[in-house]
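In what comes next, chain A is part of two complexes: it sits with chain B in the first one and with chain C in the second one.
For the complex of A and B:
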């Protein structure tokens, strides 16, 4: 009995030594990184990190006037080295698990991004759920130095804004690390990333002043899609072409499309769902792609004279919208063909359709791609009119 | 050898399933994706098929003399000295593999979760649990397997349901592109991790199972349950992560668990999911260790194996720090050395025992009355 009790206490004492983890890091030891920006300056990587200021981010007790995030940067030859070197300026060790945005400068992207991605896929702290974007014409560091209204943390702003715009507007692509690496490695598909730019004066955007007026002087905005070939960026797509990319890669969820109608008026429809099917086929040794886009939309905005009492009007609109969608897609396609970069994954579609044929062309697919015939078929259906029927503007005229 | 411990056929089935899932669930998707690309799941299917045939072989060996464990059987069939010698190499095999699994646990945790923690501390803690389990006996192990199995199934189902929204069917197309040679190579690798080590279970079956005939059926169903689990896991890795990511990751299943994100709310639960493979690895490791400890006791003709657990446990921890100097060494070992090592015991030994048995019986029939040697109990 006494022996048992002694044993029990011995075990109890042991428990004291068994608490917690060895490599534990409490919240107050962490510098939570939400954004990373990488530039290449004089052949060295300059890594800038945006770190949350916990005292400011916590919120409710009223802000002390400090910026909600702070920025550190350092330069060096490898990304990992630079990140560790930052401990010479940061009060705590950087913690990357909550990384939201990863911004690459355009110059760096044009030189090739493969080398810098390795660290981010190898380190155990990083997850793959952050978005990657390219800063258009500006240093990536400038992008993450801008303060944003509404979302205290600029990286969160960029993250949600990209997510929302991909869902509701379409010409942006939300790409995460694993998808990017898959696309770089894949032989039948080339990567794309969304571009980000600063609207307004960057010098003002960096200061608290950016948040003090109603009309924010400087804002971050997404625009255009960067086309890559392997890990090297080779060009930009404009808005229409970017919409075409969404159409062709089944990324389109919802967007707004406008068509001319009546006498110099316009009409806009809201796409509510869309589905793209890409089918590859090899016939007599000739590859061919058939894309079928099925889209449903509602009338959203009538700014012209049009008779919305007859279904024939809708059928005419559908044909017009089909044409419009098709031309967007074709424009994106011809741009990609000009850049010789198969960003739509048509090579993978051919691979799925005829693995044997693919073996013969996969080596120089970028040479075959520009002459690849692509048949695009759009099936556009307008379903509903919104809450009103015929537009009140028609009554105005009478 | 006093044999008072018996586990039920149902418990045995569960042990077989957890044992076969073991470490396979963590490491196999990467290698299979590298060999067979998007057809990795077909290779696994092939592997499970061959695995079922192998179960037939193990059962045949087990039913030669149902009251004996593998080590006793070797002594009986191969003669006292040769039998003991082979037994010792088998015990060494089981112990080294147990320590290899221990290395694996330490490596997994230090790679993915706590890189600054010394591996020794993880290995010692894990080994303590294993030694404790084996000391308490196979009945205790089997009962805890019975208790933990529903948890395993629950975690697995949650895993599958939460990951499946991210499935992209294009990732496994075109189906059957890999040529047969690659498929077979992948399947053989799969078997070397999945089915061949099952020979170790002959230390439990049929001698420590209360209804060996029923257990026969559960042996098969255990392997099939494990096989289906693994095929689903491999298919999901490729369907969600894609071939490239799957083959580049060291632990694809863990990366897969990281992808879980239900409505931006239920996410970052991979460590809960990791509980799944801690369960399966624990039982695989315990059974290897149990086999080496009881095997040694039987070879040395000791009545009770329990006093051996602590010293061998210490040896196991020490070995686990020595088996692989680095991660790449363990990959190379798994892919190049392991197959021939495990098939020595998982394939040739059972065939040898069957051959010797058949030969001896024939000899006995020839000499009808003169020899009663093999019949003695």
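For the complex of A and C:
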């Protein structure tokens, strides 16, 4: 009896090892993909992947001259097929969990991105915490083939740069896959993506030469916001309009705002916190949106003669900044209205306010949206003056 | 001794004392001798040759009388003693510097010196058919659970063995569960620890010939408590205890978590860390599992070698070990640097346990966990953890649940489990050890006098 039991357990233990660890992969069997770029060329998808060379990207023994990342690309009819086809060129199987940046070419974005996103949301290996951007005017592949200084891995550079600029500068939006898909399917909100462009000569940017000078010849820069309608891109917003988008969608964390002051000088304030509330209302069958923006800021830079010690000055400044913020927001709004794309999610606000009314307009919301009255109210407060009170420039009596 | 106390008194004192027949009502030589002559208290009558041999071989002097069926066994033992020295396995910064020795009587006296209470009872047995080793067990009557004492008595009586050379023999013969990696009998070489355990209502088993004294019932938490916890202030002691629990976690799971995450769950690591780990693994020919096992085995060999070497050669072992395994293997690209970090962190963590026996259980369990991690990833580690916990909760030591006061959860006993409350707050004895006389002390926090007017 005991012998049988012992035998049984011995066999069970052996079974444990017979499974063969099917899903295990050693770290050095992985080709860690950090960036993906998709273009559409001749009706076929061209997928380019940026793979990290760990020895070069994190090695301590000095660089051996190899590039820290490598690019592979292939073309085909579906994204999945292309990615598998790439194994014919990649030395290892591609590993997508650590994808940081997903770059779409502008052409592709204008044609529609819905189809290609499916693979990335379906595959179990992908985390959805990568950022999606649109390459402005260039092939997406070019974007991920630029070498960047400081960050050895260009995708990490793009990732952190987008994250930081959204927090501290505002006219960029860091959008991740789940949010993008939500916005695409949502009826009362249209997606936006940040644009990325190459500053300088792309041919130089691809080589080591890009890293060897102090003034990097070619750099990657974020600029503008791409406006979508469903999954199709329909236009770009410029910097002021992009700022307006941040203001209206409660994305604003911190930014710099400047106003004219004194005799042809300028004054800049640092926004330290901002909160946007969007309220929808339907009155007599007429939808209406009320946006309240509450913003607090510190004086950051005084380049004019102004007496900050008077509360009246600060009060005037606040009013001026309110105006400025309002005009930014209105500019973004009018642009969006022109493009007939509700990127602010006002439709959702109306839906929340009056579901019954929403049922009647949701079919052709893009027709209603351009005529939607939006009341913007800005409440701007200046809190602190920085480490000095009045500017020393006031003492420079000329 | 024989000369001083037996022969001297026989030859000299008999002349002058009252040992003539008129003073006694008996003519029994042995009794006369006992009453008037010998100056040694511990004397026994013996009637059989078995007792005679036993006494003779235990170091007694045997006095045989012409024409009498009785003999006297007079305790006249004298042997070489190792003095009371500093404890070598459980050293402290603050606390008594004495450890038990190999002599049973010295050991009992060390305990008696700590607990001067007539209720400290001791029972003595001889165990071992050939060695006839003296085994004593001590407890404080009125605190101890009588059922546990009865159980100890029974289990000791059940032992039928030819020799007892160390308390480990007894431990293996009396433990509750045989097939477990965890120790269910506590041992210590410090009289202060044993005294503290006796005060909690436990039973100490002393074996002649070894400085290690056993304590039953043993709880899992007591293996993580060091004597010094009670000598330092409560706050730092609690902190160090938490650190020790962290240590047990690292020592048990360190390599297995590393293997599981790097071979199955790479998505859990931050990108930078993954790239850095991957760069270290570039060119390493072995799978992470094999690497881990290799390093662990190498470490265990080093440790064992360092232990058994003559003390003068010991440093040579560690130099070769650190140079060869720590550096050369990494530089040659056979082992990744991260694995060396993981294994050495694990090794250091396994030294934080105050009890060597628990450190050994963790040492054993580490290997199955690595295998589980390699076959099933984190899932395997979790299943292994659950199995281990279930096993721990099923253990009992002399009827007391091993995992108490956590399973079953006993709130009053949390005073001295993961945390250690100040002395004035630890007013009750562990609930499950003994239900009688649970109040330890009734103190209020020390108060300072009112400020002077």
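Things worth noting here:
By our rule, the second predicted complex is superposed on the first by the 380 of 398 C-alpha atoms of A that agree within 3 Å, B and C clash if a C-alpha of one lies under 4 Å from a C-alpha of the other, contacts with A are read in each partner's own complex, and residues count from 1 in each chain.
Operating definition for what follows: contacts are C-beta pairs under 8 Å (C-beta built on N, C-alpha and C of every residue); 3 or more make two chains touch, one makes a residue touch a chain.
Just so it is clear, the model here is predicted, and its values are computed rather than measured.
When the shared chain is aligned, chain B and chain C each come close enough to touch A:127. When the two structures are aligned on the shared chain, A:355 is found in touch with chain B, with no touch to chain C.
Between chain B and chain C, C contacts the larger number of chain A residues.
In the superposition on chain A, contact is made by A:27 with chain C only, not with chain B.
In the superposition on chain A, contact is made by A:54 with chain C only, not with chain B. Look at A:331: by the touch rule set out above, it reaches neither chain B nor chain C. Contacts of A:199 after superposition: neither chain B nor chain C is touched.
Look at A:182: by the touch rule set out above, it reaches chain B but stays clear of chain C.
By the touch criterion stated above, A:279 is placed in contact with neither chain B nor chain C. Shared interface residues of chain A, touching chain B in one complex and chain C in the other, are 21, 23, 127.
Chain B contributes residues 111-118, 121, 170, 173-174, 177, 241-242, 244-245, 248, 255, 258-259, 261, 267-268 to its touches with chain A in the complex. Per the touch definition, chain A reaches chain C in the complex via residues 16-17, 19, 21, 23-28, 30, 32, 34, 52, 54-59, 95, 97-98, 100, 125, 127, 153, 156. Listing the residues of chain C that touch chain A in their complex gives 262-264, 266-267, 271-272, 274-279, 281-284, 287-288, 371, 374-377.
For chain A in complex with chain B, the residues that touch the partner chain are 21-23, 121, 124, 127-129, 178, 181-182, 185-186, 348, 351-353, 355.
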